[in-house]
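What follows is a short report on a single structure.
Going by the order they are written in, the chains are A, B, C and D; count residues from 1 in each one.
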Amino acid sequence: MKPNKQKKKFSWRERLHEIIYEADTPAGKLFDVILLIVIILSIFFVMIESVKGLPRWVYLYLYYAEWVITILFSIEYILRLISIKKPQKYVFSFYGIIDFLSTIPLYLSFFISGSTALLTVRALRLLRVFRILKINRYIGEGNKLVIALRDSRPKILVFLFAVLVLSLIAGTLMYMIEGSESGFTSIPISIYWCIVTLTTVGFGDIHPITPLGQFIASIIMIMGYGIIAVPTGIVSAEYSRATKKSTNNNTQHCYNCNATEHQNGADFCYNCGYKLHDDNE
Amino acid sequence: MKPNKQKKKFSWRERLHEIIYEADTPAGKLFDVILLIVIILSIFFVMIESVKGLPRWVYLYLYYAEWVITILFSIEYILRLISIKKPQKYVFSFYGIIDFLSTIPLYLSFFISGSTALLTVRALRLLRVFRILKINRYIGEGNKLVIALRDSRPKILVFLFAVLVLSLIAGTLMYMIEGSESGFTSIPISIYWCIVTLTTVGFGDIHPITPLGQFIASIIMIMGYGIIAVPTGIVSAEYSRATKKSTNNNTQHCYNCNATEHQNGADFCYNCGYKLHDDNE
Amino acid sequence: MKPNKQKKKFSWRERLHEIIYEADTPAGKLFDVILLIVIILSIFFVMIESVKGLPRWVYLYLYYAEWVITILFSIEYILRLISIKKPQKYVFSFYGIIDFLSTIPLYLSFFISGSTALLTVRALRLLRVFRILKINRYIGEGNKLVIALRDSRPKILVFLFAVLVLSLIAGTLMYMIEGSESGFTSIPISIYWCIVTLTTVGFGDIHPITPLGQFIASIIMIMGYGIIAVPTGIVSAEYSRATKKSTNNNTQHCYNCNATEHQNGADFCYNCGYKLHDDNE
Amino acid sequence: MKPNKQKKKFSWRERLHEIIYEADTPAGKLFDVILLIVIILSIFFVMIESVKGLPRWVYLYLYYAEWVITILFSIEYILRLISIKKPQKYVFSFYGIIDFLSTIPLYLSFFISGSTALLTVRALRLLRVFRILKINRYIGEGNKLVIALRDSRPKILVFLFAVLVLSLIAGTLMYMIEGSESGFTSIPISIYWCIVTLTTVGFGDIHPITPLGQFIASIIMIMGYGIIAVPTGIVSAEYSRATKKSTNNNTQHCYNCNATEHQNGADFCYNCGYKLHDDNE
């Protein structure tokens, strides 16, 4: 191949890469918005298709729509492969696998006839919506939320573990007290009930009927009441700290010793005592 | 028309405008309170009318009461039209449309006999209660709440979007796992169940019965547990900031020692005793 | 009567007043604790008596126990009347009325035979437990809680009003959409369902069955999700302020101008610039 | 016995003590992790065993697995007894009793045949999981959580007491209003319902059916809505204080301008540039 052809092809691929993988140019933004709409439509079609009792022509139209979207997704997948330098990096990335899995099922249906299995994989297409969340990273608000959640993750994990242990013990206790008549047929079911109760969801499919069971359930509920306060308190404190951190955006650098992270309103360097120049206004 | 008559009419309209549209004068306040009582009465009557099985004379009296209130509302509507300089501005405002729609249905019932459709429009009269909320704007507390909610709106929207995406995926998953027997008859129904569960409402009309379904449901519930912390943390932090903002806005710097964070109304520096110059007015 | 006898009687009444109405002396504390136990016992007996299907002798013993407690309460009531200077002040106070009403029903049962009506009044004896809460006023923690709740009351009222208006509108909407089949038989019932849903209780006795109803219900639930954050945020911020206020217990008084409420660590009066003497250490 | 043998045995016991009771050495960590896995397995087996309708061989294998784990636990118990200086201190400690009770039931089953009673004791083995939580004490996050919870305990107790009193009164009220038809068969059941409602769990097994009952229930629910804010607010404020305490404890005062709130590690005053004297060490 000649170098100038290679070069031309490269620039064309580069432009395509910019459109498909980035969202800085108007064309890239447009592509993302259209992709978003098509994904939402496809999700909507999958949802409608699961509803029983609609007229037959609806399912026929949905079948055609499915094919149109599958072909659009196939083209997108091929374009993504072409426009990237190292295709294998995309193919084995999280979104690459999802993109592949959400495109392939309809093609497979020619060779293997298994509509249920097909549906299972098609649902993964829904995960594509998460890609849209990337946009939020550019919004400051989403950023703060992510920081608050990331910072409070270890605490929340410790907390969730405590909840699980509590569910285990309380679940076993309820299983022994209530027995099979009220629905506490096994320890796993009892633990499921315990989680339903501690999270204050309370379906009511299983509920205690013996006085002792109801007494223990009351204690579990009041404990859940106190427990629900913990993650809220954590996130609240972390979020308030994350907000403060981003408010305290003092960008002053000391001219003498180059120290950063000065207090707001500081006039002298905390490190060397040198007069600071107010460079953020 | 003669100018002095015009003038007299204007002053009469101005006084009416003051009574109807404003709440600063005793007459204006009285008007608002009476209107409030009539609206609450009309809401109460609509509520009672929907209850089945009452003696016949109750419905008859309610019919008369409806007419009395409709006529009162009609007079109010006409007075509002007369007393304002640019009637079209009121007519096409949010409250103007609601006022019109909550007055007209009973008159329409002479020409078109459709009791259900009538009821539909009549319900909009309930929205009139929101006008009373305007009073709260004058209370500082309501103001802070509004600021806290407005400031945290983008964050809560980002958060709600995440909840919706989670509901979509978890709902599809539950639909595939549970199937029709436990009530997960379609993906939309499954998503509805997911929202019911994530918000910890838990009606129990639909609930998982397979072990795997109950396991996934447990995970969804515990996630919902952690998730409920997020909006609370946001509003809590925002509200606390809104409160702080309105209480401590002293920007004085001491000329002698450069100390900040002086108390509101402070005349001397708390740090060195130097006279403060009021630089924030 | 002779003045010295009068005097002696007075001191005896004063001592009794100290024991019954106050809790500073050991005797007063003992009286309060015993009264507390008797009240709890009487509540426990009322609770047990309501349980059906127990052996007959239990109800007999409970009847005797009721009489013993009623006589004890009668003695206490008479002692309260004797030991106070102005008995009418006690008789017509909130607790005086409750004390009277919780003592009288058993005596009345001789003249009027109405067990159900009797039970109704007896339940008021339960309110007596609130008197025990007075003890918490002496605990600093309870104090802070009371301050936090009192300070956030106007905000919570504004908020509750908004919740009620939302329930009214959403309830009417659900009544029109769902109709009688799913349990939304009238607007009041619909509003009841709405409150059950917005507060995330979710009994499930009434629940939407039409797709549109489930969609509206989903929106109501997600709104309730965001709304639950508001009172928590308010109390959280208020409580944190109440804690700070009690931490910022600067008791300095300016020697020159007698100003108080100085900042922590202040060395000079913010009002007159006079040097402050550190009198809280 | 000879002293050198005694010495050798002692050092062997010391090493064993280090492995079993401590988690600082690699061997100690490994022991803890293995013990953790065995405990989780044993919990898992107990859970599976309670499930009815599995093939017979599963129960047989579970029986064997139970024996293997019981023997492992027995060995561990004996090693713990040997390696500690004062065995009675371990035997009568909380974990010592749990360890003993979770080991003995299978041995007892030879002499006394009571499978249900056996199961009851076996469930205590689940409490062993709490020992794993000790690890969290070493993580700073867990520490802060424990501090926040310990600091807010008196407040939460005051609060829970208020919730219980409210449940008592509201429960009695609902019992009198609703009667037996809607499930409010006795006052204890009514109180149980009240706790289910106030904690927003809402099973729906018992729910009001009379209009007055539904009205009172609505008020209880809205109160519960406001009440749920209290513990969250408390934990949130306490946690935020615990976090602040551990991050900013700089007590330096500038000798020149008396400024406080210096950054940690600051050597010069941010306000006047004067050299700071480190007075907090």
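Here is the rule we use: contacts are C-beta pairs under 8 Å (C-beta built on N, C-alpha and C of every residue); 3 or more make two chains touch, one makes a residue touch a chain.
From a predicted model like this one, the values you see are computed outputs, not experimental measurements.
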Shared touching partners of chain A and chain D are B, C
The chain whose C-alpha centroid lies farthest from that of chain D is chain B
Higher number of C-beta pairs in contact (A-B or B-C) found for B-C
When each of C-D, A-C or B-D is compared with A-D, the one sharing over half of the residue-numbered contact pairs turns out to be C-D
Chain A and chain C have mean C-alpha positions lying a whole-number Å distance apart equal to 43
Rounded to the nearest Å, the gap separating the Cα centres of chain A and chain B is 31
Taking each chain's centre as the mean of its CA atoms, chain B sits from chain C at a distance in Å of 30
Multi-partner residues in chain D (2 or more other chains touched) are 188, 191, 200-204, 228, 232-234, 236-237, 240, 258, 271-272
Interface with chain C, chain D side, in the complex: residues 154-155, 158-159, 161-162, 165, 168-169, 172-173, 175-176, 180, 185-188, 191, 197, 200-204, 207, 209, 211, 214-215, 217-218, 221-222, 224-226, 228-230, 232-234, 236-237, 240-241, 258, 260
Touching chain C in the complex, chain B uses residues 43, 46-47, 50-52, 119-120, 123, 126-127, 129-130, 133, 136, 139, 141-142, 144-145, 148-149, 156, 160, 163, 188-189, 191-192, 195-196, 198-205, 228, 231-232, 234-240, 243, 261-263, 265-275
Seen from chain A, its contact residues with chain C in the complex are 200-204, 232, 236
